[in-house]
């Protein structure tokens, strides 16, 4: 994580204070439509209750900023460190992950009070700390805000899963009607190979796993100019894609059979009609929208079926860096920091621009790269060093960003990662090929 | 189930209406201290959320009384039959039992409205039905009320378990301080054998599993005059009772090892100090109070260790019938139907009376009888016939009643039953011996 | 276990010696058709490898007779006590039951040598012990032989299951062709109720669980004069018996669904043709033969479907005692102690005699009685006391005897017992009804 | 897989025939010390019975050479394709992998006959095929032989695991005594970075996963000149290495806790004395010998503890290629193709040579590289294409070779791979560091 600290201290103070409020407010706005019962449930071990996300992100600031750096800070409730520590072994024992749904008390009322308590202390700190203190804590505050943005996305992913386990459809939030838009036929964008620079350049925030910047040798390749669509996925289903072992990785095939997968998560077929659950309720599948909620295994099998392959994360990053410097290629579909009432929390059809479209803002893109450390990667010291490095095992990298990814939280060096069987995040795919 | 129907119809109508209100009100009073988050959680498959108990008991009246017997009755929400049917196969598909905690919606507000809707319809029905209708429905209404009383006990058992899974102690309700009372040394009550009558005599309400009345041949035996105490259980622990396989049934020993049991459920040892969780919070173990929350396996091993045995359900019933006709032997410790504020929801020390004490009102008593049909037992026709008979497998009978058993819901013919490894109900034991 | 010891000592010595050889030889004859690979496999936790049965029965004599009673006896291999102790906690640690198939060494050659070693020592003991010693050990030797006869039946049950897990049919032993015989329509035998004596009378050998003799009160009842046939079972299947929850105990229905049962174990349907695996290979289902390899749950559901019920173990014993004293009612279908080449190891059609037929020798008969101690039952002292009593939990009683039950090992007081979901023993059923 | 086919056809024929006999004979020699019972057991799902390895390797030649290329070839037994197909979906249904131990029949005698049948047919084919046929089948025969060599190593790994599950030590084969040799202190070998060529150059046999050759960019790095020793591992244990979560990958820590690992597989501590099970029986741990039977998780945690890291597979290959061209660095410790009586099937202390030692022949070396396809990798057509590509998920690469790896089967481009929690292969590690 590298923060530019050369700007004027007052400006930094003002900016940080505003950013803090903005990010923290968005979390509360996201939770607002949810009743206490909704916020309590953990529908599978991967999911955390909404209430837990709200408290955990608060605990992060309390533990890593207020307690070490504010003399005399009064911890809100010493038991919360047990309940709301996620996985920081260095910080102590904690609620077992699959049992977060058992935390009946504190309830949402106490969690709201906890947030206010910490926000008050943080505001006082940010406004009144001397410059030296501010410099010392700035990196951790910024990290805490990016951390909270990650949990905003998790909150939305998780509540979608919670609602999906209800026998009757539940709706997170109504959305304005958007008439379907037809997708243009897929086109290919050719890219040269050679030695390319991979990793964050140190300007602005990044997580430690995006560093150090280093050279990677690429072969020439091509990328599809848009994401794979739901309509294309229906062709895969109709061509028995879920029943032909030769298309699948061995672990993928075992997973398909064990879970009886026959379509993406949240899809359902009533007779001949496919529908899918969105955060705005159940809707017919629109063939032109990007497919989402597929696992790495499914994405890989689809690519195999299409006679193509998934890109590596290095190919994607190289293409995205080039793309963003020569054309307007994003759709601006991120989760806005303010007034999310109009946000469409579902991937939409690609616009009609040229070049690589939908790089960000609809669905994360599975790559064929395992999540591994970059050469000379060194995690941070102490508990914060547990943030990324210890997860570099059994996971695959996704690149880009989704419709539920907070605005301003996305960049071409960002490495998202999930186990290859995971489907509850908004994971889609873009085809690649050798040239 | 047999109801006397010869009394005056008006009296029946008034009595039934009053009983209905009393029982239904108690359920709401029991739920009153619980926040929506508390009412949402299912801490293990055996447990149901408070919210679910409140709705399921309501669904029982809607399904078995209002829908068949009130022309034009408007079902509150047709989806509720899926959510709140417990196990009636004849009524249709339903929420899988271990997934009751996933029902986020309806929330507690909708459940309260559901209760009011059904209560209004029931009140109208009871007040205005003609005599023929009233006669036709009376048995089912009474059954529904006894059913709801069973769920009142379940609600208390279940929320106790929910709170026990919280890392820090939660308290259901404060209780007035009761200074410990010393227990008298155990004495034995001798009983003759011979042919004795077992089963309900048809006066007043009973469940079908208490019938038909029939003769059973007993050998002479003796019963302890009170329940086994926590202090006696501590001796068993100290004598390595949980580590000596020769004391245990084979399945019991496997269960002890698999679950690493070393004391009753809810007990905890900090250093040399034993405490236990009650519905009134955590307290030191009082050696004079009856032990509770032990499984059949533990009860059987304890009896083996003491050189005694558990009674059969027939011995217990015979002794209890004799006892209740010749002496004041109950403690009146049931859950009162009104104002439960002063209720002590935890077993207490036996009083100093003579004869068989603590037969009712502290802890259910494990017997050595498997839960099987009485000779010539015939379940009721239709869905209501699923109430008892289909559970006559792999369960052991408990007799008596506990401190959380509703007042007036207990009798010497009542057969409670649980699998032999269950511990979350208030199960204790009384020793028996051959003479 | 009570043995008459008043007969002449020499006669007892000769008889015991002959019986010892006879029983021990039969075990080896049963294992003879099995290759070392066959004898090694444990196809499910309930099954033990043939090799293990051969060694365990040997260990029983070594542990309970030779080591305590033969000064200077040389234990064959001290490690065998770990490998071949079944469940005697008092004797020490042992191979975990589900891992018996991991005992690669000793192999069948060493096991055969172990048997010879113990047989030599036993023969010497039985021939040369003084009368006092013989009197002291007689009960244990007889128990060991009955124990070995139980394992002879287990050996056959187990190897049948092992072969059933082979993708292609394997045959234990060829059998002479027996043309099908038609079954007479079922008739009912009425029996009076009243106080009847239950339990072994002390003449000849019995297991401790058959005692003490005691009075039980019975209601009048009737029994079918033969076992339920495979043809009747096909009607149950055709009438959707496996798909109608209202016929089943709750645990039974859960078991049916979890295991996707749709017919008895070893049955298979190819198109419209039902076949079953026997120890003599796969054969078409003969509708006149008794059904076997059904669980208690299935037997109970069938009886429910037929509008009847299963008998209690007391009804069965009472009827069998009466029957055996007034008519020739058994088919003599037990496993013979000598020359088993002609034995038909599969249930056959009832003969045409009058009265209760097929009480012994085809299939064990499920009762509706849980396996519980008789009044005043006391297990033996020491390790041998673990033989029966500790299993009196979660099991149901079967009465009679099967085609794989050793000759002379069956009597009307014998209590066989298995968990209600077990199917790999030869378990069938006879209908009962109230009168 | 690329085979040079330009040499003289007769020479190829003679060479292939000799190699065929040599490889096939070694398999039988490896199985020779094992009784039928030993060969039957599958001690965990990853393990296959010895008998199965012998048959499966035979099935490979029958299926991929004899049946397609020998007109009129008589399949030995059509059922064997079900039993002995490992994972080739394109070839049809097959025995489920965790149930290979249930194949009682065919037994070892039939398997030996199967081998002879196929060997006869193969010998005839190789000797009498015309040149065109020989050219057509040569690649597949060579692949089949390399495949069989892989199974020779698996056979040894697997039987070691089988024996380890026996409560008392079993010995595969006696070995001549080898006095311990002291290990020199570890030294570092520095290597330059830059663009290096990775992958097989096409001279001689390789698996498809070693191709295509391509450029990879490396940073400068250093490698330890020998493997990590058992003595160093003891220091890790003594320093609480297995109890400090901060040293571990998150999945690794979960695995350690779930399995209660506290030392490498096959290690055991009696008081203060560590011993380990080898194929030659149990022995004290020699601190100078390389550690083996550690998982990727343990290797990674050890490197973390040592302040170092594991090498990437590209670093290893680059170093090994350089090393093998400038110095004698291997110990010649492979499994010889002939007379294995003197083979030491256990890693031994490094010799005293200079440079990178123990690259081959003691223990496979875990890398930090996930098992992924090389750029432009394309699997073979048809069933043989299932050989490698479909396993490129959730596995880590190991490089080098072990003491049980067949001679001539090892090269610097060879990519071995296992899931990160696997321990039953001979997996060790060599430290790496950035410079």
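Letters are used for the chains, namely A, B, C and D, taken in the order the chains are written, and counting of residues starts over at 1 for each.
Please note the rule applied: a residue touches a chain if its C-beta (ideal position, glycine included) is under 8 Å from a C-beta of that chain, and two chains touch if they have at least 3 such contacts.
For clarity, every value in this text was computed on a predicted model and none was experimentally measured.
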To reach subunit C from subunit A by way of touching chains, what is the minimum number of steps?
2
Is the contact between subunit A and subunit B built from the same residue numbers on each copy (over half shared) or from different ones (under half shared)?
same
Distance between the CA centroids of subunit B and subunit C (whole Å) is 39
Expressed in whole Å, how far the mean CA point of subunit A lies from that of subunit B is 48
So the centre of each chain is just the mean of its C-alpha atoms; given that, what is the distance between subunit B and subunit D in Å?
61
Could you check subunit B for residues that touch two or more other chains and list them?
none
Throw together a list of every chain pair that touches.
A-B, A-D, B-C, C-D
What residues of subunit C sit close enough to touch subunit B in their complex?
87, 89-90, 195, 214-217, 219, 245-246, 248-253, 297, 368-370, 372-373, 375-376, 386, 390-394, 420, 434
Could you please specify the touching residues of subunit B with respect to subunit A in the complex?
35-41, 43, 51, 79, 82-83, 95, 99, 101-105, 107-109, 162-163, 165-168, 170
